[in-house]
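First the structure, in the form of structure tokens, and then the observations on it.
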Amino acid sequence: MTDDRLLSVQGVGKHYGARWACRDVSFDLWPGEVLAIVGESGSGKSTLLNLLSLRTPMDEGAVHYALRADGNTPGGLHNLATLSEARQRLLARTDWGFVEQNPRDGLRMAVSAGANVAERLMVLGQEHYGRLRCQALDWMQRVELDGHRIDERPTQFSGGMQQRLQIARNLVTRPRLVFMDEPTSGLDVSVQARLLDLLRSLTENLGLACIVVTHDLAVARLLAQRMLVMKDGSVVEAGLTDRVLDDPQHPYTQLLVSSVLTP
Amino acid sequence: MNHGNTSAPADGLRLRASGLDKVFVLHHQHGVQLPVFAGLHLQVAAGECVALTGPSGCGKSTLMRCLYGNYAPSSGLVEVLHQGQWLDLHRGAARQVIAARRHSLGHVTQFLRAIPRVPTLDLVAEPLRRLGVDDTSASEQAQALLGRLNVPQRLWSLPPATFSGGEQQRVNVARGFIAAQPVLLLDEPTASLDERNRQVVVDLILQARARGAALVGIFHDAEVRQAVATRTFELGAAPAPTFRSPAHV
Amino acid sequence: MNTETVHTTGAPLAVAPAQSADSDYNFAFLDEQTKRHIRRALLKAVAVPGYQVPFGSREMPLPYGWGTGGIQVTAAVIGCSDVLKVIDQGADGTVNAVNIRRFFARMTGVQTTTATEKATLVQTRHRIPETPLREGQILVYQVPQPEPLFRLEPRRAQTVKLHALAEYGLMSVRLYEDIAHLGAIARTYDYPVRVNGRYVMSPSPIPKFDNPKMHLNPALQLFGAGREKRLYAVPPYTSVESLAFEDHPFEVQRWDHACALCGAGDSFLDEVIVDNAGRRLYVCSDSDHCQSRQQAGHTGSAVGEPGSQP
């Protein structure tokens, strides 16, 4: 039976001095799966996301990712720690996406929307201005941004639009795995809703695997098929999203679910 | 149209629960344990429609949710036949359970677990799209089914959040029936419906039975139950909750 | 006494006789350790074309922004038998060029010249001479900001990494922006180039008109930035390509005019306002080139007109 896992996480953890921010987390992810990591502040979910996306070095464990086969590497799971920094950086800007909580952290605010979206393609060596612009336009439309605004700077966009732009910027290289750190926090409720709808349809239509960190259970329910619940650096419960939310087993999960306000 | 498994076992079984126990443990109410049922066995074959019966609070909905994989059994097994293999809904891999729900196990619930802001037509067409049916065809089938359920066309482009109870229920039914899975779970499918639409739902159920689907349903309405069920499955009253002694809190 | 031989009328150009160096100073002003240090850095730079090598920039008798980097490079490579030419914006006679040339004459006693083909060492601010250089010559550029990505990424730690990994998407973004907002790549000077197919480099604020001259040039090209404390090099016969898009290729500037003094139609022209009415003339920026052509008999439209002497 062929191993078609996209990501395999084995016992990853990180400590700061004596305190483990995140400890012994393991799971596998298949193509097209959306996994939500939920927890409150201090649960270690953001640390985990940074470990998985190689932004922070891990103190224990390993992350394996199924690289695309090319001239230099065969396909299949590779331990990411064995990759050179150059290879890791290339991975981060081609086959992966990272949607930051604050779009200003994920965009170049001083260059136009079109340049923001087309940048990854330029980094990969595309040198035809007309085609770059065409692709930028196409992706802006896919995230429901007005293509006429392609030459405007992100500073002229609202928060929700900036977030869409950030998503387009990440998706232009058709990554197979997208990390999202609280993608809708900080936005107005109605704007959040639209963005969630967009994320939901994009992940389904493009078959993206996503790892979404959120403290908002409603976001997890809407976007994710699977869920990990974290508390104090450890995973306390995992499973199908609707099962975990409707029939929580762990005391902490029960607390979390019962604490959610419903209008 | 049968989108599901290709090789059905000779006995026609599609869904089975074995030795199913369910106890809710409420950790934040002093660890009180609420048992619902224990040692439950149920097998459903193609062409059957099993009506769950029993007094209120005996766990009919709970059992339904266990059969869908939405609730976790405390012990025991729930399995659905998916692509010729029995899949454990609780211990199976998430992606397989998701796939089973798309292809082999449909359900109609009372509460439109609102995916908000999605137009009714898209909500109903979605299960077909997820099976790979093209947009046009999915949309046409959705329209046909909504029409059959007497959901007026002017509502098709609106999200169902503002619809009346009956209208929402009919959207639920459409979404649940459209993909024609070999197993269907129906939790009060005729709730809030008038005579005319109750009949439409009855027809849908009978049609599903006729094409070989295995159905499990909760039908409050005795007439509906009479019309559709091939047999009943009685759940007894739930045992009393047990509280931990204060020393253990 | 040094005789200046820079004239704007047709006096014969000559190599100035060498004076004796000022004995209060070490040869070429810098101490020997510093010269050794800079030479080592230059060797590294030559070994990795276009790569910025940090160096310990010394205090020079003029402030940052006045060519201290170029001067230190020249001081490190100049020898007794060199013949030095110094130009500023193409002209030998401007204040900076005159002072720097006088400085080296005093510090080294070497011969100086305004004739490009007679020089062995040319220090320049912001132009490449029109006269083609040959093997054995060294061209030293004065560089204000060696980092081509500076405006896009001011953090040095980041640009070091980008150069190391050859991640130059940012530069493409800059060029894209120009086309998006202005219809064309707007850089007309300090136009970024890719050296030896590897490093992206700032050629210093020379007009983009001069960029093609860098490509496969037989001379050794050295670049010094004193304030930023970095130097880099392009060895002879190295490829230097100006960045562009496939559908917006690199183009040099062109004029509708020819030089008013010598009639050259293919040199870089300066625009000179000649009277209070705003009348203007276009003349060669490279004064040596212009004078050589005039001596060879070429004339331009302004020659012979009364009151037209610039």
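Every chain is named by a letter (A, B and C) in the order it is written, and numbering of its residues begins at 1.
One rule holds for everything that comes next: a contact is a pair of C-beta atoms (placed from the backbone, for glycine too) under 8 Å apart; a residue touches a chain by one contact, two chains touch by 3 or more.
Predicted model only: the values in this text are computed from it and were never measured.
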item: Arrangement of touching chains [line / ring / star / complete / other]; value: line
item: By mean Cα position, the chain sitting nearest the middle; value: A
item: Farthest chain (mean CA position) relative to subunit B; value: C
item: Between subunit A and subunit C, centroid-to-centroid distance (C-alpha), Å; value: 49
item: Between subunit A and subunit B, centroid-to-centroid distance (C-alpha), Å; value: 32
item: Approximate Å spacing (C-alpha centroids) for the pair subunit B, subunit C; value: 80
item: Residues on subunit A engaged by subunit B in the complex (per definition of touch); value: 30, 32-33, 193-194, 197, 200, 204, 222, 225-226, 239-240, 242-243, 246-247, 249-251, 254-255, 258
item: For the subunit B and subunit A complex, residues of the former touching the latter; value: 25-28, 65, 69-72, 94-95, 97-98, 115-118, 130
item: Of subunit C, residues touching subunit A in the complex; value: 165, 167-170, 172-174, 176-177, 179-181, 244-248
item: Contact footprint of subunit C on subunit A as seen in their complex; value: 85-86, 89, 108, 111-112, 114-115, 118-120, 122-124, 127-130, 132-133, 150-151
